[in-house]
Each structure stands twice: as C-alpha cells, then as structure tokens.
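Just passing along the structure, written as structure tokens.
Going by the order they are written in, the chains are A, B, C, D, E and F; count residues from 1 in each one.
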Amino acid sequence: MHIRVINPNTTASMTTAIGACASAVAGPDVVVEAVSPVFGPESIESHVDEALAVPGVLARVAEGEEAGVDGYVVACFGDPGVHAARELARGPVVGIAEAGMRAATYLGRRFSVVTTLQRTVPGIEALTRSYGLADHCGGVHATEIGVVDLEHDPHARERTLELARVALTADGSDVLVLGCAGMTDFAAWLGDELGVPVVDGVAAATTTVVGLVAMGLGTSKAGEFAAPRAKRVSGSWADVDLRLPAP
Amino acid sequence: MHIRVINPNTTASMTTAIGACASAVAGPDVVVEAVSPVFGPESIESHVDEALAVPGVLARVAEGEEAGVDGYVVACFGDPGVHAARELARGPVVGIAEAGMRAATYLGRRFSVVTTLQRTVPGIEALTRSYGLADHCGGVHATEIGVVDLEHDPHARERTLELARVALTADGSDVLVLGCAGMTDFAAWLGDELGVPVVDGVAAATTTVVGLVAMGLGTSKAGEFAAPRAKRVSGSWADVDLRLPAP
Amino acid sequence: MHIRVINPNTTASMTTAIGACASAVAGPDVVVEAVSPVFGPESIESHVDEALAVPGVLARVAEGEEAGVDGYVVACFGDPGVHAARELARGPVVGIAEAGMRAATYLGRRFSVVTTLQRTVPGIEALTRSYGLADHCGGVHATEIGVVDLEHDPHARERTLELARVALTADGSDVLVLGCAGMTDFAAWLGDELGVPVVDGVAAATTTVVGLVAMGLGTSKAGEFAAPRAKRVSGSWADVDLRLPAP
Amino acid sequence: MHIRVINPNTTASMTTAIGACASAVAGPDVVVEAVSPVFGPESIESHVDEALAVPGVLARVAEGEEAGVDGYVVACFGDPGVHAARELARGPVVGIAEAGMRAATYLGRRFSVVTTLQRTVPGIEALTRSYGLADHCGGVHATEIGVVDLEHDPHARERTLELARVALTADGSDVLVLGCAGMTDFAAWLGDELGVPVVDGVAAATTTVVGLVAMGLGTSKAGEFAAPRAKRVSGSWADVDLRLPAP
Amino acid sequence: MHIRVINPNTTASMTTAIGACASAVAGPDVVVEAVSPVFGPESIESHVDEALAVPGVLARVAEGEEAGVDGYVVACFGDPGVHAARELARGPVVGIAEAGMRAATYLGRRFSVVTTLQRTVPGIEALTRSYGLADHCGGVHATEIGVVDLEHDPHARERTLELARVALTADGSDVLVLGCAGMTDFAAWLGDELGVPVVDGVAAATTTVVGLVAMGLGTSKAGEFAAPRAKRVSGSWADVDLRLPAP
Amino acid sequence: MHIRVINPNTTASMTTAIGACASAVAGPDVVVEAVSPVFGPESIESHVDEALAVPGVLARVAEGEEAGVDGYVVACFGDPGVHAARELARGPVVGIAEAGMRAATYLGRRFSVVTTLQRTVPGIEALTRSYGLADHCGGVHATEIGVVDLEHDPHARERTLELARVALTADGSDVLVLGCAGMTDFAAWLGDELGVPVVDGVAAATTTVVGLVAMGLGTSKAGEFAAPRAKRVSGSWADVDLRLPAP
C-alpha cells in the first residue's frame, strides 16, 4: 500500500516530521511518502495562504495518481483543498482536521483544540460545524505561536501544555486535539503530561486512509467528486500577482 | 495487537462471518477475536432486544479487560452499549454505525443506509443526528428482511441490491452504508454492482479501532467514561422476567 | 386511573419519596404505585448502572401490563429504558428528564439543571439535544453529591441551593430543573428560596402521564414502538458477569 | 382550580366546542371557562389575523388575573400572543401547538400535522423549529378547508381523514396532531379510523396547564416574562385602520 | 423611489432621528418618509408592547399601499409585525434586526449585539436562531438603559461604548450590531472608538429595501404572504383593555 | 463610489453580461467595473475549477485595492475565494450566493435554487447550511446545462423555466434564486413567467455592496479577516501542473 502525505506548506523540516509521524502509525506494509507542493507559502495561517497552497497540493495529487498512490493525507488543520483533491484521486483523501476531530469522538465526549494563531480559530470552528462535530467541540484555543515558530520557539511545548490544561478544564473536555500538523511531535509528551488522550491529526488521518484502503474503498466517482470536466484554461499563472508583502 | 469484535446477538453463524470480515481488514499483526454474549436474543431489532443484549456485551468487555484486549468493536448497527462499554475498557470501543457512517463521509458527500426492518429506521436516523451526520445521510431504507433471515432468505442479496439502487437515486447519494452487521458478506458484491463505495460498518469499525490502538490511544478516563463507582447491586437477574412471547 | 411510577434504582427509601411526590400531584382519582426493579444497582450514575437497571425496569412494565396499568413514569433523570418500555406498554411511558425539561419551557425562556455527579452532565446535555431543548438549556451543573448521599448528607439541600443560585445567574436562566429523582423533596423549598419556578421531573412526568391517559392516548403501536417480535433468547442471565468491584 | 381557555377568534360556536373538549379532560375539580376576545376576526389564517386577535387575547388574560384564574390555554394552532400573555399572567400559559406537538413526542417517534390552509403551513413549520420539534415532525399538511368551514363543510371530516392517511404514510409518522382548534371534535373518530394516537392540542394544552398548576408552578417572573414596565400609550385604537376588505 | 420607514413606537423624536439616518444612506433619488403609528406605546421593551404596537404598524403599511410606497422598513430591533406587514405590502418589508445582523455577516465572522434591557435579550437570541444567524452571534448584551432614556441619559453613549468593548472581547467578535433603533445616532462614533464595523440596523434595512426595489423585487404573493382573506371582524377595539398600569 | 464585480471565470462575454446587470441596479453615482482573472478556467463547475480560479480572483482584489476600489462582488454561485478576498480588501466583499439567497429570505418564506450541473448541487446545499439558510431553502435543482452553454444552448431559457416551475411546486417555494451568474439575463423574463420574485445573485450582491459602502462599512480588520502576515512563498507557480485533460 502506498500512501502520500501532503504537507500543504513548503517548510521542508515540517514535511519530514509529518512523514515520520505518519510512518510510525501506518504499519510495516505501508509505504508512506511525505511531500510538499512545488509552490506555496511556508505556513498556512490565513485564507490567502490556503488559496496559494491549494493548487500545489492538487498537483501533488495529480502526480500521485500517475504514480499509483492508493490514498492521500492532507496535513494542514484547515483541510485545504480536500474536496478538490477528491475529484482528482481514485483512492481516499483525508484531511487531518476531520480525521483528528472524528478520532476524538471515539475516545471521549468532548474535545478541545489547541492551535496556533487566534485568526484561524473561527475557521476551525466553522469546520467543526460543517463536519457535524460542533456539539463535541468544547472550544478552540490559540497559543499565538505561529506555525513556523513551533519548531524554533523554545517555549512552544510548554506554552501548548499550559494552554491545553486551561482549555480542558474551561471546556469540560476529556480529549485534546492538536490543531496544527506542526504539533505532531508534541502529542505523546502532552498525553503523558495531561492524562487524557491527545489526538494528532496526522496520525489519525494516516490510519484512516490506511483503513479505507484496506477495506478496498476509494472516493466515489458517482457524484460531486467525479473527475472534473475537461475545459479551456486561459492565461498564465505567472501573471497572477497578489501583491503580498515580502517577509 | 488484540482486538475483540463483539456481535451483540447470539447467532453463532453471524459471529463467525463478522469475525472473518474483521480479520480480513485488520492486518497480519492483529489478533481478531469474534465473540457473542453468553446471554441474549438471536437478533437485535427493537429497543427491548437491545436492552436484553447490552449486559452480555458489557460482560464480554469486562472479560476482555482481564485478558488484555487492546480495543473493541460492537458489531450491531444500533451501537448498543457502546457508552457503557467505554466505562469498562481502557482501549477504544467503536460501534459499527458510527464508524461506518463516518467512513462514508470521507468517500462522498451523501450516503444512504440500507437496513433490515422499518421499525429500526427511526433509531438509526436518531443516531445520524447524535453523531452529527444528519446532513450527510440521504435516507435510511429497510428491506423488511429480518436480521436472521439475511443468511437464509435466498432473495436477501438481490432485494438489498434493488433497494440500494432505488435509495441511491432517490436520495442523490454517492455512497452506500450497510445498516446491519449481517450484511457484511454483501459489501464487495454490492460495490461491484452499484459502482459506488459500499461501506461495511464491521470493517470500518475494525480499521478504526486498529488505527486508534496503533496511535497509542484509548478511552479517556478523565470524564464521563471513567470506571463506574463501586456500588451495591441488589436482587438477582434470574428474577427479571420481561414476559416476552416465545418464538 | 392506575399509574405506575418506576424508580429504576433499588434504594427503597427513594422509591417511597418518589411515590409520595407523584401521589401529591396526580389527583384524587388516580392510583399511584411506586416500584423498584427486583434487580439492579442502588443508584444510577453511569452508563453501566443504566444498562444494569433497564431490564428490571422493563420487567416492571411487563408486569404492569398484566395488571392493567394505564401509564408509566420512569423516575431517573437519564430516562433509562424509556424507548424499550414503550414497546411493552399500551399506555404512555414518560421519563422525568423529558417531562421536567419540557415543563420548564412553558414557564420561562431558559432553564438550568442541577444534578448529582459531574460525570453524568454530558449525558444530560446529550438528552437536551435529542429532545430538541438545547436552546432552552442554559447549563447543567453538578453538586458532586452522589444520588444515595442526597438523603444522608446533611449539607445536600444547602449545597444544591447554592449551586442553583450560581447556575441561574451564570446561565441567565429563569427556571430551575432538578436533575435527579432524589431531589424531589427539595423542590418546594428551593422554589421559595430562589424565587423562580423549580421543576421536579417526577411531578412533571406524573402529571404528563395523567394528562395523556385522561385524553385517552397511549403509545403508538404503528411504528417503532410496536411490540417486539417474538424471538429466541439464548443462555442464562445468571452467567452474565460484569466483574464490577464490590462497594 | 380555575382554568381559562381562550379561543383567539370570535366564532362563538368554536369557543363552545373548545370549552367542551377542555372540560372533558380537565378533571372534576377543575373549573374550565372558555372565552373569546371582545374584538377580533372570526378565524385566524394569516399573520394579519393574528395581529388583530392578540390584543383581545391579552385583555382576556388581564381580566382573568383580576378574577384569580390559575392558568390559561391559548387555543389557536399558531400559539398567538403566548409570550405576551405570560408577561401578564402569574400562572402558566400554554398554546395548543406547543402542547399538542410535545404530547405527540411521548407517544411515538414522528408526528404529522393536518391543518386548514396551505398558507399557514410555513408558520407551523417555523413553530416546530422554534420549539425544537423539527426532527419529530414528519410534515404539515393542509386540507384547504378554512377554519370556519370546518363546522359547516359536510366533507370536512372525511377530507381530514383522507389527508391524514396520506400524510402518515408519506411521512412515516406514527402519531397525528390536529393543527387547528376547530378540529377538536374530530379527534376521537380520527383515532379510531387511523389506528394511531390523534392528539388534539386543546386537550393537550388543558392537561398541561392543569398539571403545572397542580405542581404549584406558574410563569417565571425573573426574566423575560416579568410584568411589562408601566409606560405611556398614545393615541386611540379606534384610529387604527388596516383597510381590510369586508367579507 | 418612495420608502416608508416605520418606527413602531410613538416617540416622535426617535421617529425623526430614524428618518434622518435612513435618508442619509438611501441615496438622492429616494424619498424616505419616517412615520409612527397613530396608536401605541412610547417604546417597545416587552412582548406586550409589541402586541400593542403591531396593529398601528400594519395600518401604516396599509396606508402606504394606497399612497404607492415602494418598500418599508420596520425600525424596531424585534422586527415586530414584519410577517403580517408582508401580507399587506406589494413591495419588500425589512426589519432592522434581520437586516442589521445579516449585514454584519458580510463584514466579519462574528458579531455582538448591544441592546437596551436584559429582558429583551432572549427574544433577540431567538431571532438570531430563526434567521439562521446563531452561529455568527457571539452574544447579546444589555446596558439596562431603557429605549426612551437613550435620548435623555447623559451617560447612554459612554455606557454603550463600555459595554460594547467588553462584549467584543468576551465574545471574540469582530463586528458590533446596535440592538435598538434608538442607538442610530451612536453608530459612527462607536465605530471610530472601537475600530470595528458598527452596524446600525436602520441604515442596513434601508439600503436593503432600496436595493430590493432597485432590483424590481417585492414580496412574493404566491404563498404565505399573499393578501389575507376577507373576513368578518367582530367587536370594537375600544373595548380591548389590557389593564396596564399608567406610567 | 467604485465597485468592482469579479467574474471568477475567464469567459469574457459572461463578464460583460454580469457587468451590465450590476450597473443596472447600482445607481447612477456608482462606477461598476466588471473584470475576469488573468488566469483561470472558462467556467467553474467543480472544486478543482474553483481552486484554479481563486488566485486570479484575489489578484483582482489586490489590484483593486491599489486602485481605490470601494467594494467587491464575487460573481460565481459558489462564492469562491470570498473569505480570502476579505483579508485583502478594506471595503466589503460579497458573494452572489450569499447575497442572492439572503435577498430571497426577505421576499418569501422558502426559495428554490436552479443551477447548472448536478455535481455542484451538494456544494450549494452546503453553502445554505454554512450561511444559516438551510431552513429557507426548499431545494437546489440542476438543468444539466453547463455554464458556458447557457449562452449558446437555444433551449437554455426554456429548460430553466420548466425546471423552475417544477422546483417551486415540489419544494413549496414562493421565491426563485438563480444559481449561476450566467443566468443573469434570464431573471426578468423568468419572473414574468413564474409570477414569483426571481433573485439574480449578481444584482443582489451589487446592491448589498453598494448599501454597505453607503453606510461607510468595510471588512473588519480586527479578527479573521485582518491582512495576512507577510511570509516566504517558495517555488514558482509555473511548475504547478494539475495534469488536467485538454478540452
């Protein structure tokens, strides 16, 4: 079985960490390949970032289809491009927000999410509603540590732990969900410290895809997720300029 | 890894079929053990049947805990006793309705359920609401073939196929979910005939449990699903008489 | 008119108190009979407790049908076994959570619930959702005084009052609902102290059943709550062992 | 106990029938008094009709308070003026739509409503949502026989029966709710013909009010339904002219 | 284009302020006419106040139809009588609560409402649900300054500002909605002070009506909002007496 | 006032028609400018099409900000990129699905949508839920005439009319919403034929933006829609290849 885990941002060290996490849970018979888009932002913390990242994610799916990939994980907690990716893929495509939060519902009654920036919180809350999980989500909480800083900020782990403790109590939650693929490495340690199940969406999405492929199931091609119609695409992407400030 | 699949009814041939289905998707490193309660009805088609079956399901979990079982599947589409089983288990406990219907949401936009008796339909609809899946469920449809007759009725497969075809069209669904563990054997054939993903809840719950155990996750003991308090239990079960008619 | 009020736990003093409360509101023409199961736990504070109690509740309904009972109250705030009991009964079957919370909606805009243990709170919140009352429920609050201790703890009343005061203010509620049949005796006193309507579910369910019987209405036998099919039940309940710790 | 049943329209024969129905279920100790407003339309089949009727309904409540009335029924299936009436009343105020539909939920899983004019259907559907009953309501169906014609049209009963039959089957419902106080007299006959519980809201609201009063409960004065502030009212109602066409 | 803005209360100075606000946004080609009912309370702060005001609002619509008015604004944050007014009007009828809260959803993710009296809060919350806006509404907050005092209380502006600040932070909102037509004059100043969009419902409803009329659209007469049936209205409004206390 | 209407697809004739429609309702003082992206598909009928179109839409917003544009319409019924566009814009950004469906709720109780391809229906249904409009939407119906063919297919108008007729009756709707910007030209004619209000989202979004700008309101920069953080973007869009089939 061949699973492709797509990190939608272009920070290579994060792609490596995500790949290691996915491999650890995928089982010995599964080839896990972690990739980033050939184009896109270093992190995804806004709707604009998402819009920039999605075409590159889709290209990785299209490439994967030619390579015979059996299933895909989209490893960003906003699940960017998942619907479009399903149109391109034969196998299943699973986002880490959906898989992570669904996994939590098997382990307790209510989960809290800890994530990076406050500005992403309403979008995650909207995801809980569109996935039918709003009643299970006690709250979404932001450390205000950016995605890229998760690797570099020496206090990132401790601040995530502190926030998680506060969140679990305030929300009355019995499960924690990590709201960013960059937190993958914190999961086991947080679980030990907190005494509750801590769900890493990367692991959850990987085992979900592995399970679906083991069941012989892929994306339905009978409706919304059929291959897109062939059509004329005009102009050149090189001319698309969002006038974004340089870092 | 040791997974126990509990068929809540006492029809041994169904337990065998369920065990075979679960083994087929669990992977070579996983020991799958299929069991039935020592007491209970031959099929579960009413709330009374459920109430009779649940204590025996729980006893199988309690026994499993002593035997070091890592996770449990409850293999009846009403998910009977799942909440109580979580109180007794360290590992995850997953019902086939929840796992089957959630699996479907990764594969398409809308699923239809085909099940056995019409009288169980409102209960399944209520499950879709309590699991937050009502928007994804196009409809629940009954063949009016009882659970036990699924094995014996020579027309069971064909009637299930016919009903599924009608349901998918009427509901505008692109995925089918089998609404009874006794339909496990129909899944692959139905998928071939219908051209859409057909989800068998037994397989879905098994891969879900295997995935959660692979992630090192079990039931949260920090809230609702902590072990029950020790307490006095009076009287004898032998004196409980529901005055049900003999078959 | 003959109403049977079933206390699902086996604490006799609580059954007596519940019966007295129900009689007080049922009217002079109504025979109220309060009973406990012949088997079951002394209190219901977990899903396992519920699973153990329900068969005995159902046996009391089956017995009541032979005795010509006109309607039933299930007097535990989780409404355990109500759906199954409806399959066995001709007359109406009403749980105290549903009746208590619905009564509150006639008296004010938003109610708060005070109950016993925190671990039962998520289950009650789930009931508010399945009964369509989530928008009316400001919050569910636990005293952490166990069901049996309600009778014995000399501070039970005062702590319930204090918690109720805090809850009403925090939730912006104008009605209080008692979240345990064991609080029946507190209702009038709490109402005087708090200056808001205090709804005891036992009284609410009793008047609801009396009203439905007066209207000549019983459980519909045209769908989900028809009598269960006759079927083979295997094994012996005596062999069912949940390995629960002794108190 | 003194209960006032207010028929919001000014058709005296309907007031009489409603009073008889309420008396029949209220019990021998209860004085039931049926009244109409001193001003208002002969039937309520639009939002304008409701707006014209409500002040007169409220005046009947204000008058009732001076007379020591213990509780009120508002006997029109749109529950017009119920919130305002609660501000004026010490005792409970219950509308027949809310009470009728809630009663139905104790008797089966899903109810259908049969009512008079199609134009009132969306309003009733909105009520099912605001009362949290949308999941229980299979459908609302109109005979297109106006309220006043229910008494005079010789085919009214038969057409209601036919429509009810179709509705129950189409909706998969096991209970029928009568969607107009003018159908009170049809309830018992329809129940016999249909073989399912048929809920008349007038009876349901009456027993609900009687039950709440028996419990010693009235409208909460601690929030939204406190007595209105004293304030200046300008102008004269005699000058209000809606320019409605004469019949 | 001729738009009539109806202030449902009878405080003339408020009508003048509302008219000025509406004129300011309606555009030079639009005639805006602000009116009050010929009968009704000086402010609307309860359900009884609403019931008293609505007939006069409807009379202003009926009169407007004869005068060829193209569309109507109902300028009270409970949207009283809007459904009934639609039955009488050919053009569109828009309430300031619906328009104000909908406008807010275009400008941010979540809005807070500041309003006058706490007793009106539950009704506004119910409006957010019936308009499908509950997920966008972070909270509804009351200054406890009555409607009429908004003009006279020298601290009204400052207290509204303070409350708005607290509300935006507590609710995590990025937009403010003014929950009373009497706050119209505060909008610009509050926006400057708070640094978030502040939506005045009067302006929002006015531009909404102007837009709908510009599109050539009016109230649908094909269903619920068709003209009411002609019917007999009995009695005299002069005899309707709510026995309300004088101010 | 300067409004930019962005047609997210690259079919120039459709951009022209959309601009004409928007100009017709915007008022004489408003400069309406209709543009297409410099890169993207000729029509948007899948999630992949959307993903390809969004960057070009955003570039048109970024360019508009430099040109002092006051507000934006996104003229595709999936509202693609609206959230991201709000991050880039000071003024309001409104999608035609949200504006069109919200406009409909002012005019009647329930609307039906007619759109192009069946595969887009579930996405539109999901929009109705995320906008809180699901209770108002009677159904979404597809002509199976593709976006580009709306201009060329001689039967497009007639088939849209026929489908609309069926939809209004089947759904019990009193308003029609056009589910594609390419149907703009049909609106007036359909309204005449059908006798119900027919809402064109392009017109509705234009008047909504004009109204918001007239009120002095723009996108809140205090939360989710603040300008995106500056960050490193790697690689070149020219290397992104989705391997889509040529037309």
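Annotations
The working rule: a residue touches a chain if its C-beta (ideal position, glycine included) is under 8 Å from a C-beta of that chain, and two chains touch if they have at least 3 such contacts.
For reference, the UniProt names are A, B, C, D, E, F = Hydantoin racemase.
What you see is a predicted model, and the numbers here were worked out from it, not measured in a lab.
Under the contact definition, subunit C (Hydantoin racemase) and subunit E (Hydantoin racemase) share the contacting chains A, D.
Note on chain placement: the centre of subunit D (Hydantoin racemase) and the centre of subunit E (Hydantoin racemase) lie 28 Å apart, centres being C-alpha means.
The residues of subunit A (Hydantoin racemase) that reach two or more other chains are 109-110, 121-122, 129, 135, 172, 223-224, listed in rising order.
Taken as a contact graph, with one node per protein chain and an edge wherever two chains touch, the assembly fits none of the named shapes, being neither a line, a ring, a star nor a complete graph. Under the contact rule defined at the top, the touching pairs of chains are A-B, A-C, A-E, A-F, B-C, B-D, B-F, C-D, C-E, D-E, D-F, E-F.
Contact residues of subunit D (Hydantoin racemase) toward subunit C (Hydantoin racemase) in the complex are 25, 27-29, 92-94, 98, 102-103, 105-110, 131-136, 168, 172-175, 188, 191, 195-197, 199-200, 203-204, 207-208, 210-212, 214-220, 222-225. Residues 109-110, 135, 172 of subunit D (Hydantoin racemase) are the ones that touch subunit B (Hydantoin racemase) when the two sit in their complex. Those residues of subunit C (Hydantoin racemase) that touch subunit A (Hydantoin racemase) in the complex are listed here as 121-122, 129. Contact residues on subunit E (Hydantoin racemase) toward subunit D (Hydantoin racemase) in their complex (touch as defined above): 10, 37-43, 45-52, 54-56, 58-59, 62-63, 65-66, 81, 83-84, 86-88, 118-123, 126, 129-130, 146, 223-224, 226, 228-247.
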